[in-house]
Amino acid sequence: MTTTRFENTNTSVLKSLPGRILHSPVFGSVVALLVAIIIFSAMSPRFLAPANLSLILQQSVVVGILAVAQTLIILTAGIDLSIGAIAVLGTIVLAQAAAGIGPVGAMVIAMIVCVGLGALNGALVTVLRLPPFIVTLGTFTAIVAATRLLAGSETYQVTSPLLTFLGNTFKIGTFTTTYGVVVMLLVYAIMGYALTQTAWGRHVYAVGGNPNGALLSGVKTRRNMFSVYIVSGVIALIAAWAALGRISTADSNAYQNANLDTITAVVIGGTSLFGGRGGVLGTLIGTLIIGVLRSGLTLAGVDSLYQNIATGALVIVAVAVDQFTRRRTSR
Amino acid sequence: MTTTRFENTNTSVLKSLPGRILHSPVFGSVVALLVAIIIFSAMSPRFLAPANLSLILQQSVVVGILAVAQTLIILTAGIDLSIGAIAVLGTIVLAQAAAGIGPVGAMVIAMIVCVGLGALNGALVTVLRLPPFIVTLGTFTAIVAATRLLAGSETYQVTSPLLTFLGNTFKIGTFTTTYGVVVMLLVYAIMGYALTQTAWGRHVYAVGGNPNGALLSGVKTRRNMFSVYIVSGVIALIAAWAALGRISTADSNAYQNANLDTITAVVIGGTSLFGGRGGVLGTLIGTLIIGVLRSGLTLAGVDSLYQNIATGALVIVAVAVDQFTRRRTSR
Amino acid sequence: AGNDSGSGSGGGGEEVKIGLVTKTDANPFFVKLREAAQKQADAKGAKLVALAGAFDGDNEGQVAAIENLVTQGVKGILITPNSSSGILSAIKNARDQGVIVIALDTATEPADAVDATFATDNLAAGVTQGKWVKGALGSKTPKVLMLDGTPGGTVDSLRHKGFLEGMGLSEDSSEIAGKADTNGDQTKAQTAMENLLQRAPDANALYTINEPAAAGGYAAIKSAGKESAVSIGSIDGSCVGVANVKKGVIGGTVLQFPAKMATSGVDAVVAFAKDGTKPAQSFNDTGSMLITDKPVDGVESKDTTWGAENCWG
Amino acid sequence: MALQARGLIKRYGGVVAINGADFDLRQGEVLAVIGDNGAGKSTLIKTLAGAVIPDEGKIMMNGKDVHFRSTGDAKAHGIETVYQDLAVVPALDIASNLFLGRELRRPGIMGKVFRRLDMPAMRAEAARHLSELKIGIKSVNQAVETLSGGQRQGVAVSRAAAFGKGVIILDEPTAALGVRESGMVIELIRNIRDRGIPVVLISHDMPNVFDVADRIHVHRLGRRAAVVDPKERTMGEVVALMTGAEEPTEVEAAGGR
Amino acid sequence: MALQARGLIKRYGGVVAINGADFDLRQGEVLAVIGDNGAGKSTLIKTLAGAVIPDEGKIMMNGKDVHFRSTGDAKAHGIETVYQDLAVVPALDIASNLFLGRELRRPGIMGKVFRRLDMPAMRAEAARHLSELKIGIKSVNQAVETLSGGQRQGVAVSRAAAFGKGVIILDEPTAALGVRESGMVIELIRNIRDRGIPVVLISHDMPNVFDVADRIHVHRLGRRAAVVDPKERTMGEVVALMTGAEEPTEVEAAGGR
């Protein structure tokens, strides 16, 4: 009797709440995040102060938003090295155009630029069928140079309240945060919904998991991939807007590491670089892990160079924890 | 009769010399290289001068050597973002240790460091089975920081004739070149032989093409992958040596783009980022394409920002040409 | 009538070609340098080819640029060396082939590796920043945060060293409450400063490698509500920077004169192309000037009105 | 004639996969396609399904010329196919695989405006279709990669059976299936035919072929060698035709009656 | 006993793939393993081949306990396997695939010191092995990905036949093969047995099984349900055993005589 009961419990684990949590693909990332938080709050009492937590969120906004686009592209078995550069170009275009034709017109022009570049990447990947890595490496190089030519030697101050709106703060109880944080969470929610609850999202997974099979099944694989690059362009614009909220200056040198940071966030979050597996929830946690590391190490008084060594090591540890928990529970 | 004859010729194309060339996997890259050379020599008469060709080779040495290691790792379906950083650390170690214990001892220590870091990457990838992208991103971050800590803010002059030997020139007829170029070509020849003519090389392809199948076939996949990372460490040391030959100073900030450059060379050379397809011959051509672009654009008087835009575009064009010729001939 | 070696005695009416190799294309300072050189070259009827390293510290990129410029047949090369000693052999090769090489902004080590240098004395500029911050603090015990540039950069370490000298501190003084690398990038500076302030909320002095770093640092200080408590010093002298001094974002900044460097450099190459004369002096300090509206005793300074007239970019 | 082809040629570099193949499928029949390994059967049906574009030759549906540039084109004409290298997405669950490319949306604005999938409906319907085959799948939420070889094949077959409206093409659907499961697939094929939908069945299993086929298309060296009536020929004779050991009659060589 | 197993258990999360399975292979026999889709046959033989490490249970070779941590361990004991999802490397040529993991080197210092492969020898030998199966492969330099489904299976089977020294395990080797080619594989299996090497054959093809098997291991719900003698039972009875419609005799349930 006892054995039977035990076996029953064991099998139904798949459906019970704790079982669901254990088997959730983001379980590992959550563990890694919690471990980091526990360690840092033990090292510095200030770490868990609401002001510090709010800062971590604010510092994660731009990379966090871009990481959503990166997740989509990686799910299709691609990679986007140009997404950060598109966003930076977006900030310059917003700033320059706002000075000329006002913030709303600037938004329109920046949208055309960002989406246009997304479409360029998408067309090269889907129509000419070139590898996304090399396409976006090429466009990255070209976009960075074009941005510098456009910006010249100037840094642009942005004063329009619309363009800097996402930097404004508001309070929830004692917790202060910015509209940028809200927008970031919204982007995650919307794309999470689109990926899991719509046919378009299913097709993104199918295109990444077995492109040939998806095509034979009647999925319009090229159109789907193209749409992913278009969506990335839109998300890059949102990131550009958030960047202006954070620093009301457009600078052609900003966010040079954004691409690698987004990829790190995506991978720590458990999305496979080979496509077809993962999701934005993991990426959000991955973004937070990176933010927590940086903030925690600074609070602990670690110098930049040692911080980099520690970050490098901790990124590997985070992925290792993730892999380990996943293997233990689902294999 | 005539039709039959025609059909015969058509089929035997597979075995004839022109057919072999057409169907060679590097055919596309060669076309791209030739097109670039023709365009640039039309633009500037100096382009084809032996002195300039020699320069292109010399400028390609360090990235060219590193690209061999990158090819190996990409063939196993991995990627190495840390290889450039390992080489830079190698130059610093060589320079510092040479000042202390002489050039030969320095070589030994640098070898231990470079191979040790290759082994670290390899162990994380094969034993913990973490994704190579994230492993080498982590070690990249950590190695760059460690290098700067080690170097402080100093640039080290290297005077030892052994350590700068690869920068010495010699003449073949009127063509002047460096021993570094010879070593680069040797590295290509040796690894080309190892990849195509030994069991180890076959296994590298098998591990990249179908890791599970290779394992089931009895290939020691983990050991093979680990050995690839070890070999990469050795190659990074050779690149470090060549770098000291080129500029007889060790600087912790050098070669930050080497990783992306090597990946570009590998991909332009027709090796698949998904592993299992490609080879070092293509990579050599890819390296030369990059060198030719840079030199040709400068000779044509193009400023570096415009050069970057052109390089970005041309990299995409080169891959497109490669893909197009490949599709036309083999499909 | 071309001659193959590409150098030697340039023919009479031929257009003078000048190469400019900056550290990167990114920094507004180098963009300004490039623009000024371009303007001067146009005025003198010379052709300028502007190249750059790909990133701070790209010695290989600068060496390749020099080699390619020499092949192209330039008369002279203006270079802002990434590392004061990293590219000496390439410079020597160029000079051996009859090309005049002039360092801008950063001196080489040894200084006579090039034909002449037109540069700010970055150590002195750092000292000026340090002295001003010390003066601005008055009797308060300094509690210093430092937003550095790129680790290993020559200019970066000279300014850092100069600042500490001007403050009367040393590298491991307890008055230094924290340091971070910003690569001179405003976004990184803001993030770094936010985190540093969490650790050292009572800091009262801030060293910055350049004005974007200062603006980023100020944003973090402001959102923490400490803008009156911290004295911010900087170096560069861009017009945005000077405007920020006027607005009170930056307490004081040390202005340098990139246009002067570029113009003198181009003039020197043109003169050399004409009759082979080289600049008389090896090191030419193009000067620097502290801009602040809160002058302190013992440090020479000008106000922001003067700054706005003499700033760059 | 439901589906016809004339003179199809497809070359891969030096290899000629099909070499002037003809094809005729009548309304409401089960047509078996048999042939040696590498004879070009899969390539033939891939051209009919739009997955491969032939170098030469033409395809007609109900007497009219059609040009399939993609599998989507063929699907739009009602042609549904189970490929030999099963076109499933391993990481997706069974229900999603079954409905891939033709997902159901929720009724009302949730579906129309927010384009929300109707997962409960898809799961229920998937479970219903799969239960017809009795391949012992416990949950339609399982990822396809966790299924056994035969179970995967079952999923692919169910899918074609559920959605085929015009022509259903099955490339070796029972290769990985057990005796009982094979029997069920044959039963399913009969049901489909009885619904009036013509079926093309590629199979190496002669007893199955003779059991269900109305006519047999024998493929040999990239060409249609004969079309035979299973009631007129024995298994041995058909195998001999397939290998070239025996010559077809003139009528058979011309495509049968 | 050539190869034995007792009480093997392998779980995947909530799914129990094999659940206390026993296994006995005698010297010089052909043992067929049959069972429904998803019964756990592939998982069973993967544990015997070292590709899957069982959660519980033990494996013995020639009476001695063995522990396979990898396929290499099993190979070192002479166990050669053809997997259902063929373990071939698509981008490599046929000869390289055949010799993968056991490449030949040139004689003399070229081989010893420079470790150079002897491609001509490998090609010649590969061509010889493949010609035994007559699957119409034109060149052993062809990449495996350009072969038809059946041709690929032929390559995998040839490989096991060529190199198996102790035990050869074949997981549905004829599933994708034509009638003639299947016949040749069955012939090959007989040859192998006649060389004194025991063979394990998983197959859904009952006529083939009854044609070649000395004993039949019936797998059901992750367990060995019976071992029967094909001379004592009809195909219908064995299928009934497989599906549970009939009960095995006590001797059969205990593993046969």
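Note that the chains take the letters A, B, C, D and E in the order they are written out, and that residue 1 is the start of every chain.
Basically, contacts are C-beta pairs under 8 Å (C-beta built on N, C-alpha and C of every residue); 3 or more make two chains touch, one makes a residue touch a chain.
Just so it is clear, the model here is predicted, and its values are computed rather than measured.
A.B. asks: Please tell me whether B-C or A-C has the greater number of C-beta pairs in contact.
C.D. replies: B-C
A.B. asks: For chain A, which other chain has the most distant CA centre?
C.D. replies: With centres defined by C-alpha atoms, farthest from chain A sits E.
A.B. asks: Tell me which chain's centre, taken as the mean of its C-alpha atoms, is farthest from chain D.
C.D. replies: Comparing chain centres, C lies farthest from chain D.
A.B. asks: Could you work out how far the Cα centre of chain B sits from that of chain E, in whole Å?
C.D. replies: Once rounded, the distance between the two centres reads 42 Å.
A.B. asks: Just the number, please: Cα centre separation of chain D and chain E in whole Å.
C.D. replies: Each chain's C-alpha centroid was found; their separation is 29 Å.
A.B. asks: If you average the CA atoms of chain A and of chain B, how many Å lie between those two points?
C.D. replies: Each chain reduced to its C-alpha mean, chain A and chain B end up 31 Å apart.
A.B. asks: Listing for chain B: what residues touch at least two other chains?
C.D. replies: Counting only residues that touch two or more other chains, chain B contributes 148, 305, 307-308.
A.B. asks: Among all residues of chain D, which ones touch two or more of the remaining chains?
C.D. replies: 12
A.B. asks: If I count partner chains per residue in chain C, which residues reach a count of at least 2?
C.D. replies: Within chain C, the residues that touch at least two other chains are 25, 151.
A.B. asks: Can you name the residues of chain C that touch chain A in the complex?
C.D. replies: 25-29, 31-32, 35, 148, 151, 178-181, 183-187, 190-192, 194-196, 198-199, 212, 215-216, 219, 223, 238, 240, 312-313
A.B. asks: Please give the residue numbers of chain A that touch chain D in the complex, ascending.
C.D. replies: Going by the criterion above, the answer is residues 193, 197-200, 202-203, 205-206, 209-210, 212-220, 276-277.
A.B. asks: Would you mind writing out the residues of chain D in touch with chain E in their complex?
C.D. replies: Touch list, chain D to chain E: 12, 15, 34-38, 42, 84-85, 135-138, 146-151, 154, 172, 175-182, 204-207, 239, 242-243.
A.B. asks: Which residues of chain D touch chain A in their complex?
C.D. replies: Interface residues on the chain D side: 49, 51, 70-72, 75, 81, 83, 86-92, 96-97, 100-103, 105, 114-117.
A.B. asks: State the interface residues of chain B toward chain C in the complex, per the touch definition above.
C.D. replies: Per the stated touch rule, the residues are 45-46, 49, 51-52, 55, 58-59, 62, 148, 151-155, 157, 167, 243, 246-249, 251-257, 294-295, 298-299, 301, 303-305, 307-308.
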